[in-house]
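Across the two complexes that follow, chain A remains constant while its partner is chain B and subsequently chain C.
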Partner chain A sequence: MTTLQPPAGVARRPDRPPKRDRRSWTGWGFIGPFAVVFAFVFLAPIAYSIYLSLFRDKLIGGTSFVGLDNYKQALQDDQFWSSLERVSLFLLIQVPIMLGIALLVALALDSGRLYGRNFFRISIFLPYAVPAVVATLMWGFMYGTRFGLVGDINSAFDVTLPDPLSADLVLASIGNIVTWEFVGYNMLIFYSALRVIPNSLYEAAEIDGAGQIRIISAIKLPAIRGALVIATIFSIIGSFQLFNEPSILRPLARNAITTDYTPNYYTYSLSFNGQQHNYSAAVAIIMGLITMVIAYVVQLRGMRKGA
Partner chain B sequence: MRRTSGRLLRGLTLLSVLALGATACGGSDDDSSGQKAVSATDIQAALKKGGTVNVWAWEPTLKTVAADFQKKYPKVKINLVSERSGDKHYTALSNAISAGKGVPDVAQVEYFALSQYSLTKGLSDLAPYGADKLAAKYTPGPWNAVSEGDKVYGLPMDSGPMAMFYNKKVFDKYKIAVPTTWDEYVDAARKLHKADPKVYIANDAGDAGFTTSMLWQAGSRPYKVDGTKVTVNFEDAGAKKYTDTWQKLIDEKLVSPINGWTDDWYKGLGDGTIATLTTGAWMPANFVSGVPNASGDWRAAPMPQWTKGDKASAENGGSSLALPALGKNKELAYAFVEYANSGDGVQTRIKQGAFPATKAELQSTEFQNTKFDYFGGQEANKIFAESAANVASDWSYLPFQQYANSIFNDTVGKAYISGTKLAAGLKSWQDASIKYGNEQGFTVSK
Partner chain C sequence: MSSTSSPVTTASQPPSAQSGQSGGSKNTPRLRTRRKHTPGRPKRSVLLTVLTGLIMLYTVVPLVWLVISATKTQEGLANSSGLWFSHDFALWDNISKTFTYHDGIFVRWLLNTLLYVGLGAGGATLLAILGGYALAKFNFPGKRAVFAVVIGAVAVPGTALAVPTFLMFSKMGLTDTPWAVIIPSLVSPFGLYLMWVFATEAIPTELMEAARIDGAGEIRTFFQVAMPLLAPGTVTVLLFTTVATWNNYFLPLIMLKDPNWYPLTLGLDSWNSQAQTIGGDVIFNLVITGSLLTIVPLIAAFLLLQKYWQSGLAAGSVKE
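And then the complex of A and B:
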């Protein structure tokens, strides 16, 4: 840019170059503290993971440089792909349900027809304030067929409810926990987006004789499209990073929740049970890239339609 | 703009490289081979001089032993970290060893996990400290587990010759004979469950330690280890005996799907819904502390046999105290280990319910005649001591057993929750173990 500039005499803003230089330094000064922290806690770990992923540490034979071998192995690793399949299934079913409920609740709150709106809002949001670990433990106790709520119902009514921690149902049970935890959070995103829609639009719609359904589909939904896209992206990332819930439920369902249940749990097991830090780093990086690509595609699509 | 961002990038790169450097230079380059012998006078001198010994061990009786040791050698401070056990303990230990920092001076290592650490030079050879001369003191099972040729990687702390604990009240109530063979065991399981559908002969939701011990008793030898050459094979006759019988219990839903050491488990042991427990002789102390309400209900009996009249037994659990190679204050650390596992500490620990690995204690009349109030005054140690004498000593664990156990429920666990057969589950455990072993530089085959 600077080297191809025309002679100074004909420049439209002759005072620009030195000023720009000074201005940019001031800017860096402001973000400096952030940049340092960012470099240490974000860039350095990523760089270190990439570095790690190029080696292989064996119990016998020690550490050796293997180039991209770990990546090749990960791409052919059935355990990794089946865990990715599992979280993708989770994503396809759980995320629409969760966002659908959150949207309904947000629209209901925003409609102004709800009695006790503040109480309703805070109680829907409350589960989000419960740490995921506590929430999972709590649900785990409810799911128990011998000691928990399910067990109590079974013995009180002499029925046999399906075991929520069985191999077939445990993914749905995890979905239920995650939905319970995050409906309130997503509701809040949608609700705050709805609150900033100018009143004049509603007035105009009323004058045109539009009903509530029409107002929702023609005004509210288009207006909060950005919020919808953001919530979807967060949910995709959240699904791909599923870890807390399966790892905490595992002691209750050791045979149903395997050590390669989700990609994150798989990398954790590789690293901490198998001492395969290098391979684990490669799997984590591949998973990070996949998440980034999918989140980016969703963002591009969502925003393009919105424009 | 471009210039500054270039500079920033360089700065960031530099930072990352610095961070890398800081994390990367913790590698271990200690080599513990070629040690000089350490004489008893060296150790005495070190004890006089004093220092701190960091010990990672969860064995409960060590607290008293550490206190006594400090009383005897006032200049030595034992820093006992006992919060972690099992997997968490090994994860922390492995991480400390690979980071080369924060490695304890003494670590509790169960017999099954010893070879993993000794093979990777994570533990010091104790023979130069005089540990090799202690061989005759210990029963053969534990000594085999801690020694390798003329090297000794730990001193046995306790042992777990197996016995069958059974709830006498339940067996008496339904007038069912206490099984002495595994066939009788299956019959008893059917009768008990028929008499009361809430009662199960045992709990089993898939436990690697239990399964390997059962295979051990059945004469199966799935793991053969010769240096880095390893074979894994669950298809021998012994394994077939075990899977045929245990499959019946699983198929007919005669074992309760409860994991050990959970609240459910203690509850089941207490209220009679779990009628037997086949496990190591270290169990009594846990009964007393974990299931106090069933005191008087339980008894100990020899492990059921595969052939009537046999006396075959196996070990379940048991640990040693070892010296990580990167630990410090070796002389003091060894002095403590010797005190706890060979010296005065042994008596202290037995008094608190630990099951010894030392011959003299096992054979002493005082030990054998101990009456267990919990078992209605039964002299249970006689049964345990006999079991200890009948443990076949040619069993070995994998040099990466810790990892293999961590994937047990991924593979064999399937047999407990789906149509997969136990034998097929063992086969996939075998395959996964072989794959991992080869990835780790071993030569593993079937």
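And then the complex of A and C:
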């Protein structure tokens, strides 16, 4: 740590890119530990999952190879399709609302027109630190009529609000919990991306007489496209994986939330309540493929508009 | 919004001129000294502040409800309004009951959580630092492949892995032990990505060369040259892996059967299920107080370490 410059006499161009000049195995010494654990908890389970999905446990005769039969069965499985429909509906409504609010707040914070900007930023982010379990229990209690806010409103105004935990509304209620948990996190992603836009761009817009709306649409949004695409992809993956909130809310809304409420809940129930590990693996793989395809399409579309 | 008529909006000395490396906290003093009529500072808008305030109420009111409800007895919960205190202030009583209920199982869950966070999040951060450093500063065979595989695997739904991981661990006799929770927590692709970006920016290659010429080995170069420079990124990754581990629900749910190994999240869930069951012990006040106790450490950490994690995130978005 003694000097910033290489000692004189060492012939090294100062403008070298930050890379070692020769390929060597030294780097593996550093990435090795990550790679080993990664292979163990990511790659091995994926391979094992594919293997499992090709077999079937019979009551008589034990486990036998069945090729793609599990996949055929899953594609004709109404429970699977209705759960997929449910999370797709969730995705189409909840994700745009959440990301829209997050973006508006990020733009408001970035505009410099707010009083108490730092206070807003940290308070809106705080729910991210709250575990899904606590968030769901908390909202679940508030939804309840016994000692929740819904009950309070009902008695204070002498009205009967629709029960947020009824079969019709429970999906929206779950959407609200998820929005509450992640709106601040997404806001922060957008805000961080907005902060690194070079000021020269704003100055140029200023000279051209561009208004705020124009600056947002012509400079800010294109500049954070990458962050928007990534947030969208993560939200899609999150929606398709929906499990925690319905699972934790179920004791409060046993009639509204079934054990095949989401694809993930369905695979979980198949595996841990029904012991159908092989079939469950096939359903999980199909779900994983669907998620990857959609995430990939969003990425392609999102990035193409930019170029 | 109401100030679009203002002649100066985002002009020559915009407030956002700070490097992006240091979130808001650093420019707060500046903000005070320059409040009056600095050309270039956009006019503050009451309307915009109120609108943002509504979103803030949405995120904060449930937490207020939680704090208020934690001060109530079981009867108080049922008989008083959710957003105001009941006449008997039972917070301390609730806390002591939470810690002592069922022979202090909550304390056991807290210690379990600390164990999982210490080894899981701590280990994940260490592996991410080492790996990020390797990706940023070394050229090694298979580097591109490592990167492609890690990024690709992130898109695989974590829960699709859960069942096969459970079966694998079950065969190895790891289920229902702390290792079943700790080992999968050790990998944080997001942490690896963040450290990679951070190390690229933070460590001048010349410095590493200098250390080598001075005779330092690779390990010494890493610990004495690289590690100190990576400190802000390390705090960020540690904080986010801590949240992920502390808040983990699905992994322990499938891996653990023995309540003695539960983390806090699973424990609270089991208390809630018990209270909802007909004939079960009604302990909603303990569920609520336990929930509050579970989130306090993380919220405190985020508030106290603001400066570090916000700069770390800002660095992460440079690469977008």
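Please note the rule applied: the second predicted complex is superposed on the first by the 273 of 307 C-alpha atoms of A that agree within 3 Å, B and C clash if a C-alpha of one lies under 4 Å from a C-alpha of the other, contacts with A are read in each partner's own complex, and residues count from 1 in each chain.
One rule holds in what follows: a contact is a pair of C-beta atoms (placed from the backbone, for glycine too) under 8 Å apart; a residue touches a chain by one contact, two chains touch by 3 or more.
Quick caveat: nothing in here was measured; it's all calculated off a predicted structure.
Using the contact criterion defined above for the overlaid structures, shared-chain residue A:40 touches chain B and also reaches chain C. Contact with neither chain B nor chain C is seen for A:68 once the two complexes are overlaid on the shared chain. The partner that reaches more residues of chain A, of the two candidates chain B and chain C, is C.
By the touch criterion stated above, A:166 is placed in contact with chain B alone, chain C being left untouched. By the touch criterion stated above, A:117 is placed in contact with chain C alone, chain B being left untouched. When the shared chain is aligned, chain C comes close enough to touch A:149, but chain B does not. Of the two partner chains placed around the shared chain by superposition, neither chain B nor chain C is touched by A:297.
Once the two complexes are laid over each other on the shared chain, residue contacts for A:60 go to chain B alone; chain C is not touched. Once the two complexes are overlaid on the shared chain, A:89 sits clear of chain B and of chain C alike.
By the touch criterion defined above, A:269 lies against chain B but remains apart from chain C after alignment on the C-alpha atoms of chain A.
Annotation: chain A residues 1-2, 20, 24-25, 28, 35, 40, 43-44, 48, 146-147, 251, 272, 277 touch chain B in one complex and chain C in the other. Every residue of chain B that touches chain A in the complex is listed here, in rising order: 1-2, 4, 8, 11-12, 15-16, 19-20, 23, 87, 91, 94, 98, 116, 119-120, 205-206, 228, 258-259, 262-264, 267, 399-400, 402-403, 406-407, 409-410, 413-414, 416-418, 436, 439-442.
By the touch rule above, chain A contacts chain C in their complex via residues 1-7, 10, 12, 14, 16, 18-20, 22-31, 33-35, 37-38, 40-46, 48-49, 52, 101, 105, 108-118, 120-135, 137-139, 141-142, 146-149, 151-152, 156, 180, 183-184, 188-189, 192-193, 195-197, 199, 202-203, 205-206, 211-212, 215, 224, 226-227, 230, 233, 237, 240-241, 243-244, 247-248, 251-252, 264, 267-268, 271-272, 277, 280-281, 284-285, 287-288, 291-292, 295-296. Those residues of chain A lying in contact with chain B across their complex are 1-2, 20, 24-25, 28, 35-36, 39-40, 43-44, 47-48, 51, 57-61, 146-147, 166-167, 251, 254-256, 258-260, 269, 272-277.
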